[in-house]
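Each structure below appears as structure tokens.
Below, chain A partners chain B and then partners chain C, in two separate complexes.
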Partner chain A sequence: MQQYVTLKIDNARVKAVKGASVLDAAMASGLCIPHLCYVPVLKASGACRLCIVEVVDNGRTKITASCTLNAEDGMVIYSNTERIRKLRKNIAELLVAQAPNSRAVQDIAVRCGVKEVRYPFRNDNCIQCGRCVSYCTEYSKANSLGFVGRGKNRHVEYPLGFRRDLCKKCGFCTEYCPMSVTPCGGPMKAGEGRLCGNCDSQIAAMEHFSGICVRCELGKGFKCVRQTYV
Partner chain B sequence: MHKLKSLNNLDSLRKKLLAERKRARATIVICGGTGCQASKSPEVIAAIKKEITGQEMEKKVHVRATGCHGFCEQGPIMVIEPGNLFYCHVKAKDAKEIVAKTVKNGEVIERLLYTDPVSGKKVRTEAEIPFYRAQDRQLLNHNRSVDPCAIEDYIAIGGYAALAKTIAGIEPEAVISEIKASGLRGRGGAGFPTGRKWAECAEAPGDEKYVVCNADEGDPGAYMDRCLLEANPHLILEGMMIGAWAIGAFTGYIYVRNEYPLAVQHARIAVEQARKLGLLGENILGSSFSFDVEVARGGGAFVCGESTALMASLEGKVGEPRAKDIHTVKDGLWHKPTVLNNVETWANVPSIILNGAKWFAAKGTKNSKGTKIFALTGQVKNTGLVEVAMGTPLNKVIFDIGGGSKNGKAIKAVQTGGPSGGCLPVGKFALPVDFDTLNEAGAMMGSGGMVVMDEGTCMVDMAKYFLNFLQDESCGKCIPCRVGVDRMLEIITDIAEGRGSREQIALLEELADTVSATSLCALGKTAPNPVLSTLRYFPEEYAAHVDHKKCPAGVCKALISYSIQSDKCNGCGSCLRACPHDAIYGRKKKVHIIDEKKCLRCGICVGECKFAAITVS
Partner chain C sequence: MIMTALNSILKGRRSQPHLLIEVLQDAQDLYGYIPEEAMNAVSRELGVPLMKVYRVACFYKAFSLKPRGKYVFTVCTGTACHVRGANLLLDQVKGQLNIEPGETTEDGLVTIENVNCVGACALGPVVIQDGAYCHHMTPGKLRKAIDKSRGKKKKERAHA
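Here is the complex of A and B:
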């Protein structure tokens, strides 16, 4: 028999399947916690840290990613406090400065309240969310993509740098990539410190209805569960 | 040697060894630790052995090559027993004189004695040296009496007695409550109560459990764990065996940094010897307890010292941390309950079991018990490994043991806890070293690195150095650590190169807070500490860099310039010849001039000038 746990997310009582993550539980009940590296069918890695929440445990609050946090009975979660919003905005700002030419990343940044980018743009494109790698290893079982290197030099690569033949050509890596699916029409110029014009309407919406779900490109492309609720 | 089949076997072996040892008349102890090896102690050991054989004194004199004694700066170190005569900076060519004079006739060779830099007097024994006198060497004092490659030495000094006591009749629960009562906290950095960790792991469901020793020490300037594992590997093995008994593990791993070849070698030899004696393997000492240890070499990354990354690396995967919302005591190595402790933590276990929790808890402060080893480095007179009781003020460590400033410049700060620790200014030197006080002050105990800095160190440059290190060593998995630390480095580089602004300092602070709050593992969470602590204690240095575009310590190259004082320069030309960039002009016997445009601010000319005519501004 299916077992359930009940927890509180942003003061709402939420019922979740035992073993589900807090992010799963929140999304299933229509509470959207912004996220990027997480894909519902795959194992969560906790790499992008956008889905951070506050967990109250014995009167102490701890900040952790909700995608890797197992939902447990009686848990108390806050996903939208002032502190969380500020931290999330800072992370989104780092992301968008790294890959300003992705609509998906821009949308997420807007969703998290970024209006200005205080860092010089880098146009690295790949933000190493790891969606392609997890899909390739976990779902397609091709093991054709993986991370190579450490720190700044970490990048996605074929095994040994040349074993392209392992690729099963399922194409999901491109489909799951926030860069390749949705390149931005108006690339941002370095130093302008403002997201491109396409996002203006969304920024306006965010200002009026904070906490609203921006119908981001990421969600559209990947059939986000949010679609049903917006 | 035969396999030990019972507790009595171990006892009688120890008695036999002690009786044998009484017969040897003199012992020459030579340090063979990594520090002394670098100052050519293997040559000294070979020369002494040759000399002893040459004079046919093998039966009378015992030569023991041990691990680190701690005072690495004075290496190679030699101690001659009985009498505990302490010789330093010994060279191979001294061997003949030492054997002929000191060993045969008991004469003291004045030249090889240690000179106290404060009083200028010659000192004869270790106990009289201020560096050793002010310490409390509970763990390190064994190093002198043990050859790391000889299990007999360890047994002779009472080794494996704690294991025997445990097997003979301490229930696992009792072991855990003893460790809990002792108040031992993890020596790897975070200071988690060891007893609680063991208890949680013992309670965790599952028959297969593991104990792991974390010897992947990678902090710049820290080498406590290296020294312990190199010098006394059996002590760590014994600690792990007791831990395994307590939690019910059958397998243990020692994860040693691959860049520590001597530690790997000694750990392997120790495991091999313990297996031969039946101290590892099936039915240890005739009991029902079975346990074995494997030595694994590290993956070559700083982050592999983080518990979950270490476990991933042990499993043969990429050494990247994973979320720790379920603790490793429940879901650790191969998803089995695992106890992971630092080398120093394991090393403390046998003595707690042998002497009791009360004995251990007698030293230290309210919440930090026992002693802690620090690697004292930087601008102090005496550098090396220092063991003090918890609660010892920083002042005592830096000034009494370290002997104060090395080159006359005033000491400005101390960096504790390695790259993820923080800087404390002189005003905080009265603070006692314990986990909580250091944390509150914005630094941390860390694994125990202690880098002393004087007026010649720029705090912005220091923070930049550590950020650069962490940016290199970040695994790159999570965004705040990979991108955030990199952006912090970008900002601090701007500040150090004179492009900084006040807003950037505010941004740096905000970013540091974000990185420490949201990173996946402890590396990222503590990465901003050097920045945060220097911003907190040395805001005036940041202000000087940003507002006046000046580096007060004269370190940041973009903000300084070298010039030659015309009244002091006599035109000797040594700076001109030394300058690798041809940036100095001048005719013989005439005042020389530095060409600002060509000068790359390497500072070589300053060292070459004998008349102190070149100044930094």
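Here is the complex of A and C:
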């Protein structure tokens, strides 16, 4: 028999299967916490840190990623406080600065209230969310992709730099990659530090109805969990 | 040749993925670097994906994927050694051998590496010459040590 736990997310009582993460519980009950690296079928890695929430523990609040946080009975979670919004906006800004040419990252940033990027653009085209790596190792069991190097030299690579023959050619590494969603009409350029015009209307909507899902079109190719619940 | 030597390393360690680093360390000691064939063999024999072997070999500075020279000079560039002039040692090496730290000379004799601390700060600046710690190194002493190791090889060649 399945066991259930009851927790409070943003003052709403939420029932979740024991062992599920807080993010799972929130998504299942229609509460949307922004996230990027999380894929339902894969083990959560907590790489993008966008899904941070405040956990109240003994009267103190602690900030942690909700995708790697197990839901427990009597937990009190806040996902949309002033503090969280500020931190999440900063994280989104850093992600955009790392890889400005992705629609998925842009949309997530808009969702988190980013209007201007204060950091220099790196144009790296990889935010190291690890979606491709975890899909390759966990789901397709090909083990042909992985993180190599450490510190600022960490990057995704084939073993020995050329062993592509291990690849099963399932193509899901590109399908799950947020970079595979082509950027929208007004691509952001280094130095400009401004989101494109299309996103302005979405920001306006965000200001009128705070907390709504801005339909970031992530479902197209990027497989956002939100699309299944919206 | 690679396989026979590897067999002695792998003996009694097959199918035990947790011994990966141990095996790689032995391979590093044996060849002076980790050749591709060794990585393939280790992956196959220990039951560890090749990706994981490669990742571990890339992560630790103790492992080298490129062949190293016959004489390895490791310059410590930790805080204490840096304050005492480790950068002068690196400049000396760069000027003398015309290579950057981490590279090997064209004749495959000398490799220069830099590490961040070897735990002998009181002896700094420290240079490790083929496993022997040389304390209070100066650019002059280092130049002589490198000349000696290279010259010795040349003499050996002349005799042969």
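Simple rule for what comes next: the second predicted complex is superposed on the first by the 215 of 230 C-alpha atoms of A that agree within 3 Å, B and C clash if a C-alpha of one lies under 4 Å from a C-alpha of the other, contacts with A are read in each partner's own complex, and residues count from 1 in each chain.
Criterion: a contact is a pair of C-beta atoms (placed from the backbone, for glycine too) under 8 Å apart; a residue touches a chain by one contact, two chains touch by 3 or more.
Every value quoted in this text rests on a predicted model; they were computed, and no experiment measured them.
Engineer: Mind working out whether A:Ile127 is in touch with chain B, chain C, both or neither, as first, second, both or neither?
Structural biologist: Only chain B; A:Ile127 stays clear of chain C.
Engineer: Per the contact definition in the header, classify A:Lys43: touching chain B only (first), chain C only (second), both, or neither.
Structural biologist: So A:Lys43 meets neither chain B nor chain C here.
Engineer: Quick one: classify A:Lys168 as touching chain B (first), chain C (second), both or neither.
Structural biologist: Neither partner.
Engineer: Is chain A touched at more residues by chain B or by chain C?
Structural biologist: B
Engineer: Under the stated touch criterion, which partner chain does A:Lys18 make contact with: chain B (first), chain C (second), both, or neither?
Structural biologist: Neither partner.
Engineer: Kindly classify A:Pro159 by the partners it touches after superposition: chain B alone (first), chain C alone (second), both, or neither?
Structural biologist: The second partner, chain C, only.
Engineer: Should A:Phe147 be classified as contacting the first partner (chain B), the second (chain C), both, or neither?
Structural biologist: both
Engineer: Using the superposition on chain A as set up above, list the residues of chain A that contact both chain B and chain C.
Structural biologist: In chain A, positions 147, 149-150 sit in both the chain B and chain C interfaces.
Engineer: Help me check something: in the complex, which residues belonging to chain A touch chain B?
Structural biologist: Chain A residues touching chain B: 44-50, 52, 63-65, 68-70, 86-87, 90-91, 94-95, 97-98, 118-120, 127-128, 130, 147, 149-154.
Engineer: Going by the contact rule set out above, which residues of chain C touch chain A in the complex?
Structural biologist: Chain C residues touching chain A: 36, 39, 49-55, 58-59.
Engineer: Which stretch or stretches of chain B touch chain A in the complex?
Structural biologist: So the residues of chain B in touch with chain A come to 301, 303, 318, 322-323, 325-326, 471-480, 482-484, 486-487, 490, 503, 507, 510-511, 513-514, 517-520.
Engineer: State the interface residues of chain A toward chain C in the complex, per the touch definition above.
Structural biologist: It comes out as residues 137, 143-150, 158-160, 163, 166.
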